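Here the structure is laid out as C-alpha cells; the discussion comes afterwards.
Labels A, B, C and D are assigned to the chains in the order they are written; within every chain, residues are numbered from 1.
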C-alpha cells in the first residue's frame, strides 16, 4: 500500500511540525520492541518493523533530498538497494521475501539513519520551498500507511511465537458503538459522484471524481460483530460450501480455516490475539482478521451482501451509520480497479498505486490501527481476497 | 465456464432437432481424435475430450432425466461420481486434476452413454412437456460451452506433444476483417443499460439488466493483430516492467513469457499452433492466446486501455465495429463480479456461475471456436488473468 | 532400472527364439489393455505401457540396428527423441514427467514399430554375427526389467481410477510357502565372496565379485506376512515415532501413511489391489507395496532388522530359506553403491546403472512380477526409500 | 548432528573446568554478533545462534539437572517446548522452520538462562557425583557440535545479506599443508578394524568396533584445492552430465550450480565468503562448501573416486597423509548406515544418531570450524548429499 499526492496544499510552515509528529509516531510504535523484534519477518506479505522505519526514511532521502539538493550526501549508499520497496524505475532492490535477513544495518543504525534524514529534511523545510510541499505530504501519508502495516506485521510475527508477546502495551480495540440491534439505513441511489473532491491530500487511486449510477440499497448501521461470527461458526458456516465462492472454499479446505485468524479455543473459551497480546474474545466487538472470502460467506449466510465501493462512499456521512472509520476496514463487493480516466503520474512515483490494480478487493473506512487523517470518504484500501492479517471486517448491505 | 437458463422459450417441437444438432456437433469435433487422444489431460485447467463428452451427457441425465422420470435407469451408477464437474450439492466427485486417469470407461463406452441418454432424452422430448424446455436449453448451451473448451483443451494437450498433431483437420482462424489501419469509433456514454434483454436463452450472469453511467469513450474498430504483438516484442515489451501490472510482471519473470502461448521461433520465422496444427504466423490475424496481463500491457504500450464491460456492450452493434464476435474473445478492464441484484437460482443449478465471480476478468465477444448463438451482446466469459489457452485477444479503448 | 551386459555367452542360434519369446511376452502383458490404458501415466516415477513397449524397441534400434547396419532405415526419426529414457550421451529426449502426453504415436503405431524392429532384428540375428550377441542379450534383459515395471506402473495407474480396473486378468500372488511359524537360520559369517560369478548374463552393478567380512547373523526362513503388518498397524506402528527413521516419520506424517499402498478398509474388511484388481487381503501372503521406511520400522518393531546385501547373498541357496525369489523383493539394510572396483562400460551403455548409485536402497530376490531368469543370487534391484509401488516387502534378519 | 556417550571416564574434578571452558567458548563465538544477528534463521537446515546457545543449555537442564535433582526449578517452563530439537520422547516442540520467529526470549534472556544453568551445573558437579559424568561429557560434546553449526549457520545467514557481514572477526582457513603436488599413498587393505576403540568419549554411531575387508587402495596425501575446482569449472565440469550422478545432475540444473556455494565472480576475480567475510579466493586452499554430488563429480573428472569410510579410517595416522583433520570435512563413498551390531541406547538420548542413518553420506576428518577433540579417526559426520553450507571438501582415492 503506497501513495501519491496530487493536490496537497499544506502550508510549508506547518510542515516542519507535521513532519516531526509523523516521524516521531513511527518510533513511538516501535518503542517497546527489541532490536530482535524489529528484524523479524514472519511471511512474504509482511515486513520487519526496522524495514518499515528505514523504507519510509529512504522515501524522503530518494524522492525529496536527493531530488532537491545536488550536494546531498546519502547516509549510506547501500540503503537504496536494501530499502526500496518496489520502485522498478529506481533500480534493483533486495528481495521482499528476504527482508528478514537484514540484521545489519542494526536497529540502532536505522535509528541513526532516521535522525540524519530528519535533520536534513528539517533544514530543507526551513528554507520554505513551496515546490516540495506536495511530495513531503505524500511522504508523510506514505509513512502513516506503513505505521498501520508496522502494527499488523509485528502482530502477525508475534502470533508465531508460542509466548504470544505484546507488541504495543495497552493497545485495545475501540468500544463497539452498536447495541447489538442492527438497523438498515436506506439510500435511493441514482446518479452519484464518488472519488476525491477537495484541495487536500489524497492518493492518486481516489481520483478522478466521477459519476456512478446506483440502484436503491441499504447499509447496516453498524459492523458485523464477533457474536455473529460465532453464530456463523456454530451454524457450520466453515463447513458449508454453498456459502462460499469456489476459490474461497478451496482456501477453507487447503488452509483448514475454521475461525478468523488469531482466534483459538482454550477449553470453552475463545481467545483472540492482537497488538495488545492475547485476550478473551469480546462478542460485542467488530469481527476482524477475516479474508474477503469469509466476509463474503458471512454476508451470504446472513441473507445480505457486501456493499460496493460507490454505495459505501455515497452513504458516507449519514448520521445513522456508525463505525464507518476507526474500527475495522470493511471489505466491499468491488474489485480494485482504476477509476474511469485514472492516470498514474509520471516517473517512479507513478508506481505507487496503479500497478497493483488487479486481483485485489477494495476495503473502505479505516481501522483502529489507522493513523488519524486516513479515514476519509474516498479512501481506497486493497488486499488480495485471501489475506487476513489486517484489521479487516465487514458491514452488511442489501438491495432495496 | 458453465451455464444457467432463466428465460428460455424455445418451442418444444424444435427442441428435438436442436438437441440432436448440438449433441452431434460435439461428436463431430472429436471425430479425428483417437481414443488415446480423448483421454488426455495436459493440465489441471483442462479436461480430456472424453470427459467433456461424458460430463455434458451427465448433465442431462442428472438434471433432466433423473429429475423428471421416476423410473429412469441411470446408464452407470459410477458415472455421477466420475463426471460431475463441481456441483457440491449433488455429492462427491472425482478430483479435477485426475480426470486424465480415467481411461475407463473407454471412449467407446462414453459413446454408448451418449447414445443411451440421447435416446432417453428424445423420448422425453417427444412427450412435449413444456416444463423441461428451459432446462434442456440450458443443457444445450452448457454443452456448447464445453465444445469450445474441448477445442482449446485438446489444442493445449497436443501442444505438449513434440509431434504437434492436428486436432481438427482443416481448422483455421477466420480471415481478419481489418485492413491494418485502426480507426477509433467514439461513443458519448451517459446512462446506458446493459445486461440481457429479451425472451431467449441467456445465462444467469447476464442478468439483471441494469443501468450504468459511462463517460465518453472510443473503441478501436478492429482487433489488435499479431503484427502489433510482434512490434511489442521487438520494442522489448516483455522486458519492460513499467508496462505491466505488478502481478503480471511477476508472471512474466516466473514463467519466462516472451511471446503469446504457442508461439515459437524457427530461425527467422515465427510459428503458431492451433487446432489445425502448426503454421507460420499470419501478422494480419488477431493476436490470440494471451493472458489478461499481456492484453493489459499491450494496450498500455499502445497508449490505450482495455474497454470495460459496459463500454463494450453499449457499443455492440455499431456498424463500424468489426470482429466483435467470432474471432477472438476480448479481455476487458472489468473484474468478473455479479451485476446489481444478481441472484443465483435455487438448487444445484445455482452453482453454475455465481460461485466463480471472484479473481477472474471478463472477456466479451466470442471466438472462432465458439458455437453459433453464443456471440450476443450481453454474453460474459471469464478467466483468471494469467490464463492463456483460450482464444483470447483484445480490442483497444480510450477515453474521449 | 536398466541394464548392462558384461559376459553374455548365449548361442546366437538360440537368440532368435529367445528374442521372439521375450518380445512376445511384453505384448502379451498388454493384451487386455486398451489403447487409452496404454497411454496412461499416473506419476512421474511411472511410465505408460506404450512407452515401455516403444522404449525397449528403441533400445534395439539405437544400440544394435543403427550401430551395426550402416544402411538401416529408422522406423521414425522422431522416436529417438520420444523414447530415449535417460541416455544423455545419445542426445536430448522428451521429459519423463510428460510421457503421458504422447497419445501419438498411437498404440497401433507402436505395434508397427515393434514389428518393424523385430523383423530387422530377426534378419540380423539370422546372419549369425557373434559380436552382437552380448548386446542383444542385454537388450532382452532390459526388456524384461521393463516388463516388471509395465505391470507395476499400470497397477499404480489403475489404482487412481475409482473403478479399480483389472490390468492383467487372472493375475495372482504366488501361494505363501510358510506356515506362519518363523524360524531363524543362522550363518557363521566371516570372509565371504559376493557379486556375480559365472559366464552368463548379468548386469554391471553385480560386478566385480569381491570379498566381504561378515559377523555371525541369522535370517528368517520366510517373508514377513500381511498378518504381521496388521499386527503392526493394530499396535500403533504408524503412530509411534520411535520405530521410524526421522526421514521416514516425516513421510508418514506428510503423506498420511497408515497402511501399505493399495490397502483400504471397507467396514471391517481390509482390501488390497494389484494387477488382478481389488480383492480381500490374504493375511498369510507376504506383505508388499511398502517403502523401505515401512520395512525398516516393521523390522524394528519385530525386534529384528533388515539383512544387508552380503548377508542375503551369502545365504542364498540355503535349503531352509523359502521365498528368496518369485514372491516380493526384499528391502535390505544396504544403500545402493558401487562395488569395490566397479567400472561402468564406455559409451552410452555405461549410463545404465552407475549414475543411479546414490539415494537408493537395495532390494534383493525377485517378485511375482519379475520375469524368469532375474532371480539370481547376485541381482541388485534398487529404489528410493519412500517408493511403494513395486512388489516390495521384507525378510527379517538379526545378529547372532 | 547430535551425540551419545558410551564410555566417558573423565574425572569429575576436571569436569568443572572443562564445563566452563566449553560453555564459555560458545559465548565467545557469538561475541561479535548483535542480538538481531543471533535471532536470524536463513533456511530450515540452519538454526539461529541464539537457538544453539539455548538448546545446548536445555540439554543440560533436561537430561542432567531435572533428571538428577528432584527439587530443581527450571529457569522457564516454556523453554522445553522452544528449545527441544527433535527428541520425540521428551514431548512436543517448536517447529524447526520457525526457529527464526523466536525473538523472545531475547538474547539477553538466553544469556541469563545459560548463567542459571551453568551455576546449577557447577553446584552439581561440585558434589562429585560420578554417575553423571558420562552424561555431562556427552552434553559438552553435543555443545561442541553445535559450536560448529553455529559458525556455519551464521555464515549462511550473513551470505544472504548484500552487505556480507563478518561473523567472526579474524576468522581464516588454516594454511594449506600441500605444495600443490599430489602424491598417492598406498595401502594393502585386507582385514581391518574400524570403529571407536578406547575408553574416552565417543558417539554411539562410532561403535561397535568391527572388522571390514578392504581391497588394496591409495589415498591422495592432501586435499583437493580450489585451483583444481577452478580447472574443473574451466573444463565445463558443471555442464557435463557424464561426470555426475543422475540425482546430482538434476540438482545442478534445478539450482543452477556453477561453482561452490559462496563463490562469485567479480570481473576476472573469484571471491569466496566465510565466517571472516568476503575475500578473494585462495587457489591453494582446500575447496570447501561443496555437496557430495560435486565432490563425486570432481573426483570422477580427476580420474579418481572418493574414499570409503573404512579406507579413510584405516589410513588415519599415516605420516604421509596431511590435512586429515582441521581443514575441511571429507566426503566419502559411504552412505551413513549403522555399523554391524549398532544399538541405540534406551530412552530419549537414544534418538541422537540412529534415526538419521538414512539418505545421508558420511564425511570424515574435521574442519577448521570443528572444536578441538572432535578430529579422531572414528568420528562420523553426515549430511544429505545436496548440502553445501558446511566446510565440506574431499580427498581423492583410487584402487591399486
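The working rule: a residue touches a chain if its C-beta (ideal position, glycine included) is under 8 Å from a C-beta of that chain, and two chains touch if they have at least 3 such contacts.
A quick note: this is a predicted structure, and the numbers were derived from the prediction, not measured.
Distance from the centre of chain C peaks at A, each centre being the average of the chain's Cα atoms. For this pair, chain A with chain C, the centres built from the Cα atoms lie 58 Å apart.
Rounded to whole angstrom, the centroid-to-centroid distance between chain B and chain C, based on C-alpha atoms, equals 46 Å.
Residue numbers of chain B whose C-beta contacts span two or more other chains: none are found. In terms of which chains touch, the assembly is arranged as a closed ring, every chain touching its two neighbours and no others.
Against chain A, the residues of chain B that register as touching in their complex are 86, 88-89, 191, 210-215, 241-242, 244-249, 292-293, 296, 308, 333-335, 337-338, 340-341, 351, 355-359, 385, 399. If you check the complex, the residues on chain C that touch chain B are 34-40, 42, 78, 81-82, 94, 98, 100-107, 157, 160-163, 165.
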